[in-house]
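Single-structure report; data block below.
Chain lettering (A, B and C) follows the sequence in which the chains are written, and residue indices restart at 1 in each chain.
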Amino acid sequence: MEKISLTDEQVVSDLLPKKFGKLGMVWVAILIVFCLVGFFAYCRQLKYGLIVTSMRDYASWGIYISNFVFFVAISLVGSLITAVLRLSGVHWSTPLTRIAEIIAVSAITFASLIIIVDMGRPDRFYNLFLYGRLQSPIIWDVTVIITYFFISILLLYIPLLPDMKILLAGKEKKGIYKLYSFLGSFWKGTHLQFRISKRAINILCIAIVPIAFSIHTVTSWLFATTYRPGWDSTNFGAYFIAGAFLAGAGAVNVAMYVFRKYYKLENYITNDHFDKMGKITVMLGMLYLYFNVNEYLTPYFKMKKPEVAFLNSLFVGQFSVIFWSAIFGGMIIPMIILLFKRGRRPLPMFICGIMIVVGAWFKRFLIVTPTLLQPFLPMHNVPESYKHYFPSWEEWSIALGSLAGALLVITFFARFFPIIPIQETIIEQHEKQNH
Amino acid sequence: MKSKIINISIWVFLILVAGLSVKGQDAEKSPLIVTLSYFTVNNDYQYLKVNAKSKVEGKFQPAAGVEIQLYLNKDSTGKGVGLIGKVITNEKGNAAANIPPALKQTWDLSPNHTFVAVTDKSKKFDETNTDISIAKAKITVDTTDDKNVTATFTEFKDNKWVPVKGVDIKLGIKRLGGDLLINDDQSYTTDSLGKVKGEFKKIGMPGDEHGNIMLVAKVEDNDQYGNLRVERSEPWGVKFVADNDFFHRALWASRFNSPVWLVVIAYSILIAVWGTLIYLVFLLIKIRTLGKQEEKNQA
Amino acid sequence: MDTNNTSRKEFLAGLVTTGLVLAGCSSKKSPFEMAASEDVKATGEKVKLLSVDGEVIEVDKAFLKPVPNMPTISNSEERKGIPGKKFVMVIDLSRCKNLRKCQSACNHMHHIHSNLNWLKVYPMDEGEHTAPYWQPTTCMHCDEPPCVKVCPVDATFKREDGIVLIDSDRCVGCRFCMAACPYSIRVFNWEKPDTVSEELAHKPYDCETSMPQKMGTVGKCDFCPDMARKGELPHCVSACPNGTFFFGDLNEDSVTNGAETFRFSDLIKDKAGYRLMDDLGTKPSVYYLPPVARNFPFEKGMEIDKG
């Protein structure tokens, strides 16, 4: 543990949210531009219909859905870092909990938004609630997403309360402080309040694990409850969850590095954190690789007729470049790098994190669209455009806009709230000093 | 000399224009084909069916919205007399009309009538005149208990109904959209007594809830008599028992018919989870009230 | 002056009247009416017509032939279906030449674009040594429909008479049903359908005619229940010049292509009828008769495709 003993005041001043510097402004500006372009593209889509996308009757689900699956996958990181690690008695992960939670909240919000974007008739969205069929996996998905969103908000908010007090310390009630006051002025830090808060957080941590598992299992069932090659697998629930944990770990690695660099948090997100997260990432990567082998090797051995065209398109056909890049670039190479101690240093971790996240995005695409382009019955008597899928500029704009929006939420959260829990850090410092 | 040339050239120009315009008009119009058929059901109810189609680029297309005038007889010039009615063809190019009671006098005058269908010249089509000649006829059906069917074909001649030889009659069972033949014989031809005989061989055919089936004797597309059809109910079918089990719970049923196991599991999970969440909100409120109390105490 | 004739006429008239009275009185709807018509309810409105004998007869408006426009049916009735019927289709693969008259009739009558055919004709060239053939593919109206199972809003539903319909007023356009259908029979209105006129677009949506099609919703073959209510055959069945399609009611054990009527159970047994992808357990309602003894080559259909 390379932690330097710091005074409380030092901790507070280090961790209070700071204004954007030049780089921050540029970053926010770029994100806003992406969001605006995405919004404009969506307006076009509302006017002309989904014809502005490249989706057609065969590839009826495209990058909106793969983006949705990607967001749901990333959102599982909240339960991993915050809940699983905390419940296993790990304390080094404390600085990372809020980063993980805000990624989770942001991702699950944009998952819901992108799914509305994909609907042919978003004006009938309320039908899902008025006429919802309990038998439909989509209704299960809607229910679990709402539940998970609510739990993640609670898991973000309740640990944030002690820090509200620090943020409000002696400040006047104007501007942003009005918001802080509304959110947490009632937190006085009394013994009783801490006890209740601890109990609530414990319950949340236990509750969020099955919910997080079910959210991605149910999302996987959107595919596994159909007959199509590549989707008709009993493996899908576990396969998706393993992938989600890996993608989430990669996202946390990236966020850790960025926040540490930008806010100069070397004392709080130490090299040791990178080392430990790196080990966890390797483990998750191995797990996901294992599931991938199961998922692709066993059907390849049998080569059932509907699977032939599908597997060929992935291994040697039109999707082969993306497939092998996602496997090697998104899984194998990062794993190898992270196996070494030198690879678990901040900068390599950051690069591997990006590779993992980008690989995860393309892997989700490979799960959704190639299956649809290999239907059971031949594609005949349809326009040429029906037989291929490459997203149109509107789809790219909207997808990138949603990603930018998620990053924007995270960025603005870090601007106004401490990205590392201040109170908990102080408490842990004291505990260490008392040893 | 000059004025003569101008004169001639003007005439030539006019003729050319007239010729081209006529050619143009003819090139636009496609031939309209109107077919007329006569139907009678149960020797009682009768109607005319008319179909209009046009040939566009070598393919037949139904001609919709065409107005057709139907007449009961044809006069010496070939024009129709005794207007039955004016009909307009639907999307499939079909239209039908019944003979109004007002034409009773004309109808009773003769056992033969020539129905005429006339369309006027329009922008799309030239005028057409189609006719068919129909003689009044009847089919009577008799059955025996051992499922033998006899159908007699008679036409109205000299004020009485006389049997006709050599008419093709089909015997069948009425089904949705068509008639199933009662045995393997495709059709029968009437003998000198105008009779045909057939045996009902389709044992085990489902009937209605009382086991009745509708026996059908029909003449189709006869040049002299048109289409005749007589239906008669016979108890030769198997009783049909309705399946009232359709609206049971299933994964593919409506939202009110979810399988019980799904409802139980889903709602239990929902109640357990959201119960916990509500409890957590309650804890949050408790923290809040504690805080407010503390504030009051400090003040 | 035929007493025989008069008594026979009286008997028939009596039969018709009894039938009409029974049809009007029956509180419980019986699958087969004894009167002159198909399952049509008497409206009570009578029309005076001239009979073959020159008599003036009164016929209820509902029993006129061909059946006039039916009164509109409520949405809940459309979701229940026609009681006592179980529609089934038999497609004789030895007759299909890829003329695609079925397709153009269906597209024409439902006002759908030719990019979004509801009825598809596939060239099936399964293996190296197996015989190629043309396969007209409609919606299978499965008895265990995977599309209905996954619809989140009850927009697609299975009826008592076996037909699976789509309610375009309810559909949210999630396209899960399209992913779930193994026969790839569903199409999606990616844009505002330009084959639907302004006039048609303003009419209320009718599940049984599946018209007017709306942007952002799913469409598919509906077995033309509006035609079945009138006792007529679906448009594809009437349009095929080779009589490839046979349509009928399983409860009547008979299918017809308009010209020929067969006993369904005999037809399937004699010609070894089968269902498409039966092993998936969807229980389709469309049976195929194997393409044996064809008198035209498969390649002729390819020429029609190119033309």
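General observations
The rule we apply is simple: contacts are C-beta pairs under 8 Å (C-beta built on N, C-alpha and C of every residue); 3 or more make two chains touch, one makes a residue touch a chain.
The structure displayed is predicted, hence computed values, not measured ones.
If you compare A-B with B-C, the chain pair joined by more contacting C-beta pairs is B-C. Greatest Cα centroid separation from subunit C: this falls to A. Look at where the CA atoms of subunit A average out and do the same for subunit C: the two points lie 48 Å apart.
Separating the CA-averaged centres of subunit A and subunit B is a span of 59 Å. Put simply, the C-alpha centre of subunit B and that of subunit C have 12 angstrom between them. The multi-chain contact residues of subunit B, meaning those touching 2 or more other chains, are 251-255. In subunit C, the residues touching two or more other chains are 146, 149, 154.
Looking at subunit A, one finds that residues 131-133, 135 touch two or more other chains.
For subunit A in complex with subunit C, the residues that touch the partner chain are 48-51, 53, 55-58, 60-61, 118-122, 124-125, 127-128, 130-133, 135-139, 142, 222-223, 225-228, 372, 375-378, 380-383, 386. Contact residues of subunit B toward subunit A in the complex are 251-255, 258-259, 262-263, 266, 270, 273-274, 276-277, 279-281, 283-284, 286-292, 294-295.
By the touch criterion given at the top, residues 115-117, 120-124, 137, 146, 149-155, 170-176, 178-180, 182-184, 186-192, 215-218, 277, 280, 305 of subunit C touch subunit A in their complex. On the side of subunit A, the complex with subunit B involves touching residues 131-135, 140, 143, 147, 150-151, 154, 157-158, 161, 185-188, 190, 192-193, 196-197, 199-200, 203-204, 207, 211. Interface residues of subunit B facing subunit C in the complex, by the touch rule stated above, are 39-47, 49, 91-92, 94, 96, 98-101, 103-104, 107-108, 136, 138, 140, 160-161, 172-173, 175-181, 202, 205-209, 212, 214, 231-233, 240, 242, 246-247, 251-255.
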